[in-house]
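There are two complexes below, and they share subunit A, which is joined by subunit B in the first and by subunit C in the second.
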Partner chain A sequence: MQINKDFTIQKVGASYVAVPVGETSKSFHGMVRLNETGAFLWKLMAEKDCTEEELVDALLAEYEVEREIAARDVHRIVEQLAENKIFI
Partner chain B sequence: MSESIEFQLAENGYYVSTTVGVSMRPMLRNRRDRVIITPVGEERLSKWDLPLYRRPDGKYVLHRIIGVEDGYYVIRGDNTYAKERVPDAWVLGVMTEFYRGNRHVMADDKGYRRYAAFWQTIYPLRKPFHSVRMLASRVKHKLFPKK
Partner chain C sequence: MFVIELAGVRIRIENRYSFIERQCRDFVCEGEDAAFAVSVTNDEILEEQKHGEFSDGYCESICLYRHICEELPAYNVFLMHSSVVEVDGYAYAFTAKSGVGKSTHTALWLKNIPNARVLNGDKPLYRLEPDGSLTACGTPWNGKENWGENISAPLAAICFIERGAENRITPAVEEDVIGRLMHQLYLRGSRQSVAQQLCLMDALVRAVPYYVLECNISDEAAHVAYNAMRKS
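Moving on to the complex of A and B:
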């Protein structure tokens, strides 16, 4: 999965919010709220095409968390982004 | 994702959006820059603030306050010439920060407030400057037509 470059992420207080720019902003009205984990994964997927497995490994390298929980978080966030058609 | 701006302001306490249109140029560019709006409280807004308001026809607008009057604001876009009278009741929120490209600016930043005041103060010069620029552009295209 790779993030469409027509989306950008902003920090607002303690949260992160993804909004569209450019042509995509004509068809996508709204914002996607993310927590810190979501923002961390977003940055990875904005840089390159990643698999869920790679995202789980990256999360485990960054945070002290069990693989099962990391995998569940990654899957939830990937689903949220996919539902909003944020991937290329 | 399709909840109204009013709902998102009430639910999240903020609303983030890409700006659309040219009426706040040069500060905010069409579909490139992002604004963060927070709900307005009891306190009235100040001159140079950027309120987000909804006109009775349903259109959302983000323009600058150039006058604070009893019960309404006098408002004008940085790139428009007409003033608008906006009752307090139309105002949904106020821009508290924005991103111009990757540059993050807080609305209470002193440099930004100086920019806002300067830009509105030179308003009388904007129209002739714009006219001269348009004329120069037309002359240029006439002399050097695109092939």
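Moving on to the complex of A and C:
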């Protein structure tokens, strides 16, 4: 999965907010709200095409969580982003 | 061509129609130097006219403000769709989905709260100050009621309005605030401008208390809101 480059993401209050810029802002109205884990994964997928497994590994390298939980979180966030048609 | 000052920023308006000159009358300033200039192409005016039967001059004005609001985040100034009432030196902002009753509630303040006057009824600007506080600033774009003045005041609170049978005001939680604000901010322009706008939004959520007001159209609605939001 790789995220459409036409987004910018910033921390707003305690959450992260991603909004479209450029051409994408004409077709995508609104925003994507993410927690810290979501924003971490977002940034990875904005840099390069990642598989779910690579994302789980990256999460485990950064946070003290069990693989099972990390895998579940990654899957949930990837699904949510796919529903919002965020991927290229 | 003329220069106006909005929220402390000097802007050169390169216009083709005189509509904008009449509209900006109270905001014109001397001299030609400006932080930036804005102009509108014919295509943009034609595009705007697809939304309804408006004059060229009116469409030029709408497009000019859009460009202005894309440039202003670089100066720590941003647009938030809202109605702002000034009372005794402080600004109180109301925002709501279109049609909920911002104007009706604003009118209740004018009727019931001594010294209340409208700073801007629709499209005020907000300036982030170095100390993290916000100043609400009047603009020539002030909605169909044409309520507004060339004044500014420190922002005391922001209130999200909803219709209710009874009048009740409660503090809004931050999670809720971000979702509600998102619909009222103008997040357009270049990547840099949108990113800066989001930084300003981060300052905005920290700057003032937020409330949710469920209200009807009685005089009591204004008193309930003002008593909770009041800063002195």
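A few comments on the model shown:
By definition in this document, the second predicted complex is superposed on the first by the 88 of 88 C-alpha atoms of A that agree within 3 Å, B and C clash if a C-alpha of one lies under 4 Å from a C-alpha of the other, contacts with A are read in each partner's own complex, and residues count from 1 in each chain.
Note that in this section a contact is a pair of C-beta atoms (placed from the backbone, for glycine too) under 8 Å apart; a residue touches a chain by one contact, two chains touch by 3 or more.
Note that the structure is predicted; figures quoted are calculated from it, not measured.
In the superposition on chain A, A:A14 makes contact with subunit C only, not with subunit B. Number of subunit A residues touched is higher for B, counting subunit B against subunit C. Of the two partner chains placed by superposition, only subunit B is touched by A:N84; subunit C is not.
In the superposition on chain A, A:G22 makes contact with both subunit B and subunit C. Legend: residue contacts after superposition of the two complexes on their common chain; A:R33 is shown touching both subunit B and subunit C.
Shared-chain residue A:N4: touches no atom of subunit B or subunit C. Contacts of subunit A with subunit B, set against its contacts with subunit C after fitting on chain A, overlap at residues 8, 10, 12-13, 17, 19, 21-22, 25, 30-31, 33. Subunit A meets subunit C in the complex at residues 8, 10-15, 17, 19, 21-22, 25, 30-31, 33. Residues 174-175, 177-179, 182, 187-191, 194-195, 198-199, 201-202, 205-206 of subunit C are the ones that touch subunit A when the two sit in their complex. The residues of subunit B lying in touch with subunit A in their complex are 1-3, 8, 12, 14-18, 20, 31-32, 34, 36, 99. Those residues of subunit A that touch subunit B in the complex are listed here as 8, 10, 12-13, 17, 19-23, 25-26, 28-33, 84.
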